[in-house]
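Heads up, the next two complexes both have chain A, just with different partners, chain B and then chain C.
Let's look at the complex of A and B:
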């Protein structure tokens, strides 16, 4: 199968998924005890006023009709208006998405850079000392609350040691951000030789990125180890070993055969990690989509919550799609399932 | 724990009751030290939760207005918070919330997930297909965010937190049971049960169920760890559980405000308690999975 038709098929398969996602976000504001009519009308409203507001909001329509209106609006890029910022939710989210992606990219990148070698090394000698230690370490990583880790890091490296800047945004307020190229202050600063800006952006990145890396490394270690172990017991590797190939060659073979499942895992793991990302953004006041969404949840701004949940779900769909394509490119056989 | 220590139990049948319990623990230690350490940690917190009123030196919501944000001392081992409440007592009391949310949430998840998985796996067809698509679809939402949004939308109470966590976690159990049922559906004991004229429900719940819940049961500790973590996260954000409640997440929320001005003890101690309990549950869960599936650790 060539790449074009593969991509087309995957896109078509994503359509029912997206409709399902829209249905969930649509229902999210309707399952609860929220009463927008009562809020708007106030305690002294008459029945006639109630009915009028209901009609104006379109809430007198049957549920399926409301859903089609919602889908229509989303397709036109209208996610409604946030009452917290009094702006269109889509604008709010798009504006903040670069900050979130930057943190996610460096954080999970570092996490994978730590996690994959540890997982592989643990798998090469199962039940050895290194394996046991890394297993406990990974379980510990599963147990640490993200936000607590962020707070403790702020206390140690900002309050006690004064090494890191306070957890307030992506850059010192005294420095003007570099012009927009990629949206990442660090990369843009380096590209334009704005050293002060790049340095400030870097120092603000360090703590949240390390925090993200620690939390994301735990599942990566666990699954890389499991995947590599599986590969090591496969017939191909057993045969290679039986042929007496040197250990280095066998290990390289294990690594190459583990690559596809590990990439798939890290990709799908990104979905779960946007929850972690949101909490880190919240603690470090990062100003990304996650902080925006959590604030909206806490303050009860449900139009924004709806947009935020939708954005996260669509992000997952896109990531799954990209992972599929990457896997297809590396190993065309795997794509057929 | 019965499944795990079964082998030990038989050999120690004649010993007295406390002796037997100790022997069981030793047996578990031999089989899986990881699970045993996890179990000890959980027992420690269970003791804290049950005997909290006798172990707490102070009332967890008694406010000493002249001792606001005092650092740890002989009188207040973990210091006091911004309301002048004793953090040591609050951390002990918080164990009740940890168990009080996680246990009912996991029971609810099992109660929903296991029958759903059983029916989907045995009946197959449209029901199965629809359920599996639904569960796949739910995976695009990060569980913590969905839990937060749903609890915030449906009204913030402890009961709601438990129900939402239970519902969100049910697919995990449904999937595991379904997979197991699928592999056993055409085995001899099921066929003979059908041939003997048992009604379908009896085949499913009396014969198939006990043979397909092991994998799901091995997951309960890990899922309890998840529930404790998520419920604390909700409380940290002030969703579901409000602030003066002696719950660990809510206490970390209070501590977050004073952390960068140097009052570390408000957030650090409840956080350590939370980590330890979740770690214990994860250790037990990991050990249980090994015991149920010996292949997992013995690959060499």
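Let's look at the complex of A and C:
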């Protein structure tokens, strides 16, 4: 099967998934304990005011009607208005998503860059010294609470050592951000040769990205090790050794054959770590979607919560689509099944 | 025996032992003090239950795992301790076929590449020469050359196992270790593979170590058979000798558990009681005494040595052979 028809099939498969996601996000907010009318009206409102707000929001309509209105609006790109920012939720999310994506990709990317080689090396000598040390390391990564790690890093590297800038956003407020190209201050700064901006963006990225990398590397180490170990004990690898292939070649074969499951796992990490991302964004006042969503949940901004959950779900759909395509490209078997 | 005579053995194993550390300072003894020889053109069957150490033995012989003690002499050279680097050129003469052909073939390579992998590694040859070889080998294992351009996912188990055999014989090795090569295949496919192996053996006088838990298969292909229990050889005999007069109580129980094709044949079944003891704490004395229906006091303390049974090429490790008490009677197991 060629890539085009493969993509088309996957996209078609995504449609019912997205409809399901819309329904679930809609229902989640409805059955939750959020009371938007009460929140908007405030403690001194009269019953008449309550009813008016209810009607204005369309909450007096039957549930199915509310849902069709919601789906219709979403299809037109209208996710509703946030009461906190008094702006369209879609605009809020789009503006903030670049900040989040930047942190997420650098973080998980660095985590994969650290985690995959460590996992492979640990698998090459199971129960050796390196394996033991990496096991303890990944256990630490699993057990450290995210917000605590972020706060400790700020305390040490900003407050004590003064190496890092304060955890307040993506760039120093004294520097004007570069023009919008990709949305990443670091990349845009570099592209436009605005070195001061790029430098500032980089120094603000360091701590949260390391934080994200530590949290994401732990499971990547564990999974890579398990995957590589399974490949290593397969008869194909045993046969390669029985043929007398040099160790280096055998290891290359192990890496090659572990690639697909490892890539798939890193993909799931990208989507699975959005919770962690919210906390890190909160600690570093990053101003991303995660922080926005967390805020919306805490403050009961229910159109924003709805939009946030929908955005996350769509992000997962896209990530898995990309993972599928990558796997399809590197894996001759997947497409022919 | 007639086929092999007294030619110099291709493989000569003495006192081979393999232990694994299992934590807490304890040792798991997978293979214990095994001696055996395989001569050119001979097929030695190795039979035993799962966990009896058959596969570990096969791997240790090829130095895929390093033996704890004992020696492996291959083609006149002691390979027990030589480096993997020095062993590498010898590997063209020792090849292996595994139980699960789906797992034994790298799924990213085409069949043609898979078959010529060892040739490329050991003999070099140009691309077109290798392609010719691949085609000849495919025909040799009765596989259509059309398959050479496919990847393993498009082939059936029997076809894949033929691919494994083709690549194993590609460098004309002197020894072929087959670890349960037919166990994952349908009965109908199995016979074809066994015929093929027998043909190849008779043509090339390749020595084969055929590891299996399946008695019918072992009987069909083997000249001689060794029976393994908890890592030790309990009996060694010619195929017919073993099936006609099994001497060790374990062999007797094993043979009685296998179904003859003829439903009219009356069977004396000797079903063993109890579990196989853990190989971590091997029982002292004869390792079989915990389940043996004819064990006596001495079996708990004396490690049995090989005793000749009838003909000279039939030995069993049971101290009760001398007093004739090794035979399990029906009454004792009824």
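Quick note on the criterion: the second predicted complex is superposed on the first by the 303 of 337 C-alpha atoms of A that agree within 3 Å, B and C clash if a C-alpha of one lies under 4 Å from a C-alpha of the other, contacts with A are read in each partner's own complex, and residues count from 1 in each chain.
Criterion: a contact is a pair of C-beta atoms (placed from the backbone, for glycine too) under 8 Å apart; a residue touches a chain by one contact, two chains touch by 3 or more.
Everything quoted here is computed from the prediction, not taken from an experiment.
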{"item": "Three-chain arrangement built on chain A, chain B and chain C clash or fit", "value": "fit"}
{"item": "First, second, both or neither for A:158, with chain B first and chain C second", "value": "first"}
{"item": "Of chain B and chain C, the chain that contacts the larger number of chain A residues", "value": "B"}
{"item": "Which of chain B and chain C A:252 touches, first, second, both or neither", "value": "neither"}
{"item": "First, second, both or neither for A:316, with chain B first and chain C second", "value": "first"}
{"item": "First (chain B), second (chain C), both or neither touched by A:28", "value": "first"}
{"item": "Which of chain B and chain C A:238 touches, first, second, both or neither", "value": "second"}
{"item": "Superposition-derived minimum Cα distance between chain C and chain B (Å)", "value": "5"}
{"item": "Touching residues on chain C, where the partner in the complex is chain A", "value": "59, 62, 64, 84, 87-92, 94-96, 98-100, 103-108, 117-118, 121-122, 151, 153-154"}
{"item": "Residues on chain B engaged by chain A in the complex (per definition of touch)", "value": "133-134, 137, 139-146, 148-150, 152-155, 225, 229, 232-233, 236-239, 249, 252, 255-256, 259-262, 264, 267-268, 271, 274-275, 278-279, 282-283, 286, 297, 299-300"}
{"item": "Residues of chain A defined as touching chain C within the complex", "value": "234-236, 238-247, 253, 256-257, 332-333, 336-337"}
{"item": "Chain A - residues contacting chain B, complex", "value": "17, 20-21, 24, 28-29, 31-34, 126-127, 135, 139-140, 142-148, 151-152, 154-155, 158-159, 166-167, 229, 232-233, 268, 271-276, 278-279, 282-283, 293-294, 297-298, 300, 302, 305, 308-309, 312-313, 316-317, 320"}
